[in-house]
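Structures given as structure tokens follow.
What follows is a pair of complexes built around subunit A, which joins subunit B in one and subunit C in the other.
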Partner chain A sequence: MSDLGFSFSLSQLWQVAGGQIILIIAGLVLIFVDLWLSRDEKTDHVVTMGWLTALSFLAALWYMTGPGWRLNEIVLVEVFSAEKFGLFVSAIVLMAGIFASLLSIGYLRNNQLGRSEYFILLVFAVYGTIAMVQSVDLLMMFIALEVMSLSVYVLAAFLKDDRKSQEGALKYFLLGSFGSAFFLFGVALLYGLTGTVNITKIAQLLAMGPLLENPGVLVALAMLMAGLFFKMALVPFHMWTPDVYEGSPAIITGFMATAVKAGAFGIFIKLLSVAFTPMLAYSGQPEFQSTVNLAAFAAYWKPLLWWLALITMFVGNLIAVSQRNVKRMLAYSSIAHAGYMVLGILAANDEGRMGVLFYLFAYTLMNMGAFGVLYILDGQEGKAQTLEDYHGLGFKYPTLSFLMSLFLVSMAGLPPTAGFIGKFYLFAAAIKEGYLLLAALGILTCVIGVYYYLRVIWMLYMVEPSHEVVAGRVGVISMVALIAAALGIMYFGILPDGLAQVANVAQQSLALVF
Partner chain B sequence: MATLTHYIVLSSILFGLGTIGFLTRRNALILFMSIELMLNAVNLMLVAFSNFMGDMAGQVMVFFIFAVAAAEVAVGLAILIALFRHVREVDITRFNVLKW
Partner chain C sequence: MNAPILTYVTFLPLLGVLAILFIPQRSEAGKNAIRWVSMVISTLVFIVSLRLYFDFDPEVAGFQFIEKYSWIPSYGITYFMGLDGLAFWLVLLTTFLTPLTILSTWTAITKRVKEFQVAMLVLETAMLGTFVALDLFLFYVFWEIMLIPMWLIIGVWGGERRIYAAIKFFLFTAVGSFLMLVCIIGLVYFHNQQTGELTFNLLSLYNTDLVRIYEILFFGAFALAFAIKVPMFPFHTWLPDAHVEAPTAGSVILAGILLKMGTYGFFRFAMPLFPEGSAFFAPLIIVLSIIGIIYGAMVAMVQPDIKKLVAYSSVSHLGYCMIGLYVLNRHGVEGSILQMINHGISTGALFLLVGVVYERRHTRMISEYGGICRPMPIYASIFFLITLSSVGFPTTNGFIGEFLILLGVFEVNKAAAVLAATGVVLGAIYMFWMFQRVFYGRISNPKNEKLKDLNFRELAYLLPLVAMVFWIGLYPNFFLSKMHSSVDHFISQVKISSPASPVAVVEHHASVDKTPLDKSAAKE
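Showing the complex of A and B:
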């Protein structure tokens, strides 16, 4: 279709962005389905919308893991690339989306929230995240980041009558847009220095050498990083996280902690390993290695990540210990998990990147699961949220408590769960690069983590109930989703090799984005 | 004669003012304005780069950023109004049901 003035054909566009196209169409169709369904006010159409949303995510997931994954050459269409790294992260995001939409059916019903724009926003949030990780263009990344963020801000504010939800959403909005402004400033600086916003072209220009010594590039990198750290919720950019996670609807909290974080980690790795540490040098092309002093450049950002990983792991885990509210405790624990994943990025080797992908996958399963149980135990949003409410629930709700225990054990990183394997890969990668002290301190924080995760299980089974807590209705769909998450955690905890290999193929594809 | 450096310095100062405003003011609406100032500082920088490099891409980007900023304000003000219904206040230090 060269007559359109593009350098690619429509079939190439479909090959690269098929999953995104499916999601955009699904989002638009859902708006009309919603309009059409709401003419009949008597029936509750949350179930229909929830299923349609889950199906559209499933369709996109089919495309990305099927035809999209089999595509072996890297096709570039202006701003998107079809490398397997983006597809893998997209698959994680879609998986979080499927869990979120299925669990939301029960959630919206338990809380008598019949407004189905919820699902439309969810589709666009997932679309934004996927467009972000698949793009190779900084402007597109920014726009997709905003599509994702704006949808999630509204979702966070979804409980209209709950002041906490509004307050959390406003804090999220203010700090989120503040962070995006930094990201944008970094984009503008890079544009000025290189004349392009395409990360592959930026990588080629930086690989020539002289630009890497330009302080402007460092300022741009710092700005881009600061913007992304807000989304990744690393200490000290985490101030919004506990408030937003506590105030938001439980399922949306789970979605933010998994999909949004996966997206932010995805583009952070992509930026660092494609644009700023050109992987050309790694893929055995000696003509670049001689001109580029990558080690000297890495010496600027590696100490920064070293300290960020350390304080993120410590602050996340230590503050989580003192929390009485379970949702807020999980918020701090998600900060700690982000700290572990920074270890993998800091290692910047194959194992590290593979570990981050594996961990994101496992983390999505266990976190969506934990928030799924949390919403059911809550009953009505905000009724049962403190640790005291969990006293003795183990015998009253044996299945839910068992599932919750499994998810928490996985978060604590105990075998035989996927959480253990993920942590193992991350720490092994860090040790391989010689970050022994950091790895040792990180394992120390894991031990703190074990304490507060197991404390919840202790409360569930070993403490007499202090007062009556009535959990919400357990829908069949929610139960199926929770059991699927639990099985996934066990399966990838016992047989991690398959997923690890796929993750490895995915991270190696980053070297091909040129 | 204004050179590229002048524009970079000017937009950096504007961006810095936005940052300082965001960090020090307590009125949520002023915080919105500070964020807008930061985005517009970036716009100014993009236009300056674009003009001095003779490359149109930067000016096109500005339009995208305008659109994003408009969407951001729409969502942000809507959330602020929803919160205002509960609190009757736009001072962020009063939004303290959740600890900051």
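Showing the complex of A and C:
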């Protein structure tokens, strides 16, 4: 680290931010590809654009898990860091992106939506999320957050003729801006107090001691957390979620619930464990000997997260029970899932961070899968989303229903699925830190979850069809994507250790962001 | 011994699943092919599991046929299987009952045959896995997997109120077992704090010393999970619903094997892991068992529905198993284990028998029948033999089990023994009364006049059960002799908390070996 704050070379930039660069270039190229393709036959171009998007995500994924992953030193341009934690979260986001783009091909076709700006927005949404996760500079973090948010706002409003979509998007935009403003206010406060927006420098300044006494830092932390809780959709910052998730195109809902959430959880963990908590103390840096002071910080946010986790799990699960619309039910359930993941953050130990990463990975697979099946059964957006529509579909569409059941069983956290293992890691982490009561209460909310997830399955298999429901066309690509997700869920449910160890390496790398 | 026989036995049914998936079920021939594959595979599992009998060493107190591989090393989770004298019999019971049950579905399940047989075979794997797992995590995984096929069997192929019954079954079990998972993890971390070893290995966890309050809490959670499954009074309310709504095969498996998982759980996990907690709750559990015995019998008496009657009789019978387990002497515990097997055989047979007339008449109401021993003499005879077994008539298996348990209870507490013994009397009342109303008298309903007697297939799955009834009833030592060392080991594990116990156990040995029953059994 030079005193000037900048030591910059192109090769270094590529090393750190290669994945992002690939995505920016891909996004720009896609705009031109879209222009070149003639306007009147656009529906078919959905396939081309979809594949190109998926390929560019794949390229970025290759870079981040290949050359990027092998970097021995975490090269820093003061703005971005390429530690394995960020790479892992980015990989989850890219995976969500790949699923989203492949499933979108069928989705857009079934809904006769041939506008390919959809994919360009998707690329930039993914880019924004990744840039956010990889940044160590609060300002950059904010900009990336906005890149992501703006793209997703537009995507949420993509069903132009659907009032629900418009309403949801407007709500999302207004409340999201509100959340972003909180985040920005927190950044400004921190800058005012410390004179820097770089989280590693903030960490060093905080570790010196005097600032810890300053209530302004706490206010700043509270602001940052409030901003992120909006994106993470924790109760009571969840009010926008059901409407937005219900109104948005199904695949975008899936994307928001996984990629955007993964990004928000990613930087929340990063902020906490780099700037505000004692994790640094384990890295052996001489500046961070004053563990005691830093631990004092945890005394502020831990009780807060304790209650947030509990309320989020309860509210998310309880309200999901009363939903008749499957999409809306999944929205509420995604709130509950966020609550489970807060357990891992609250535990603030290796197992907890690893658990969150594992859970995000598993959740991405099962959630994208569930929304993928949902859009196919739907036929056209909103036509067959209620529980009544699902009556007796199990034997009419055996493959789709089986896949749906598998995804839901995984979300319910029953073995032998990745969802069960993920939940096990999260609860184990919390129990290890002595949160036995919270874990016990949380696991009871899982029982509620079991009820409404199984309800969908029994609608599929145990009830006679009440009216004719015709599912949409099942594209080969969508089917391949869904089966891949299902296999992933089974594989990581039976042999989770490989992924868990990678996730563990990833979370340990947070201690090295200096 | 070297071959991983437990893995073979456990996962062989999945092979059948794979085969079945590729058979189309559009035609009747396809359906029959699916049934035959399912039948052949489950019979094969039984034959393979018989191998266990020849290799099982009754002298060993610990576990045999051990298989241990690393599974999730970062959490110390292993793929760890083994058998002792209890699990051994329960595995054999499972592999024995499953093909018979599958044979009973030939005409009972005609819709969605493929899905049904897949569910049955997956269920068999999960049940076997639950009995052989010695790693708490592995056990929990099998325990939970088991719920899903059972839920589907009740919910898809069940009666009118099947969905309500199915989800009630699922949620009751889930509440208990989810809390158990929290406590498993808690126990593992306490063990980790004490020894620095992170492991889910049951045998290591047996040695964990917990603070009293945690012993009580954790035992409470484990006991809740298992008590729901047993089911002990007042957690039994899911059972009548599930039994009545489930198809015959579902009821047989549910009563025959799934309920045993509750008592097995107490034997294997709850009691030896938390002896102090167990001692704390023992009076409550004994009282609840006695209530269950009497209450189950009295409620069974007034049921108009044969199946519900049998379901409530299960509550009563399982009460015996629990009390036998809790008196912690050799008679009680062995009687309890034997009673588990007995209950699997006789109640399984009763459900199968009810299924036989249900298929013919599509009703299970006692009032719809009457005098049917004339059109169905063979059926009536078999039903009578099984009834004798259920009420504990001497020379049948039920007698041995109940006698041993009552003997065990008597050694500990005479009042409890007297109260529990009333269950035997009540059992005779409700079973014989039901038998009388269904089979004797004049044929009150003209629909019953032309009922067909048992056909060959039905005899094929009922006669083995009748044979077992008398095998156990006349030569119980064949079964008991395999349990002695495991049971003694269990008693010493659970009693270890009270200081005088080692001596007591030794004395106990001496006294038990000279009991009249053992002698008479040896003579035969």
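Convention: the second predicted complex is superposed on the first by the 493 of 514 C-alpha atoms of A that agree within 3 Å, B and C clash if a C-alpha of one lies under 4 Å from a C-alpha of the other, contacts with A are read in each partner's own complex, and residues count from 1 in each chain.
Simple rule for what comes next: a contact is a pair of C-beta atoms (placed from the backbone, for glycine too) under 8 Å apart; a residue touches a chain by one contact, two chains touch by 3 or more.
What you are looking at is a predicted structure, and each value in this text was computed from that prediction instead of being measured.
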Following superposition onto subunit A, is the placement of subunit B relative to subunit C best described as a clash or a fit?
fit
Put down the vertex angle at subunit A formed with subunit B and subunit C, C-alpha centres only, nearest 10°.
140
After the superposition on A, what does A:A428 contact: first (subunit B), second (subunit C), both or neither?
second
For A:A370, is the partner it touches subunit B (first), subunit C (second), both, or none of the two (neither)?
neither
Examine A:V456 and indicate which partner it touches, taking first as subunit B and second as subunit C; both and neither are also allowed.
neither
Which of subunit B and subunit C A:A439 touches, first, second, both or neither
second
Once the shared chain is lined up, is A:L212 touching subunit B (first), subunit C (second), both, or neither of them?
neither
Does subunit B (first) or subunit C (second) touch A:V315, or do both, or does neither?
neither
Minimum Cα separation, subunit B versus subunit C, post-superposition (Å)?
29
For the complex, give me every residue of subunit C touching subunit A.
71-75, 112, 137, 140-141, 144-145, 147-148, 151-152, 155-156, 162-163, 166-167, 170-171, 174-175, 178-179, 181-182, 185-186, 188-189
Could you please specify the touching residues of subunit A with respect to subunit C in the complex?
395, 409, 414-416, 420, 424, 427-428, 431-432, 436, 439-440, 443-444, 446-447, 450-451, 454-455, 458, 461-463, 496-497, 500-501, 504
Subunit B partner contacts - residues on subunit A that touch it in the complex:
139, 142-143, 146, 150, 153-154, 157, 160, 163-164, 166-171, 173-174, 177-178, 181, 184-185, 187-189, 191-192, 195-197, 239, 242-243, 246-247
Of subunit B, residues touching subunit A in the complex
8, 15, 18, 22, 28, 31-32, 35, 38-39, 41-42, 45-46, 49, 53, 55, 57-58, 61, 64-65, 68, 71-72, 75-76, 78-80, 82-83, 86-87, 92, 95, 97-100
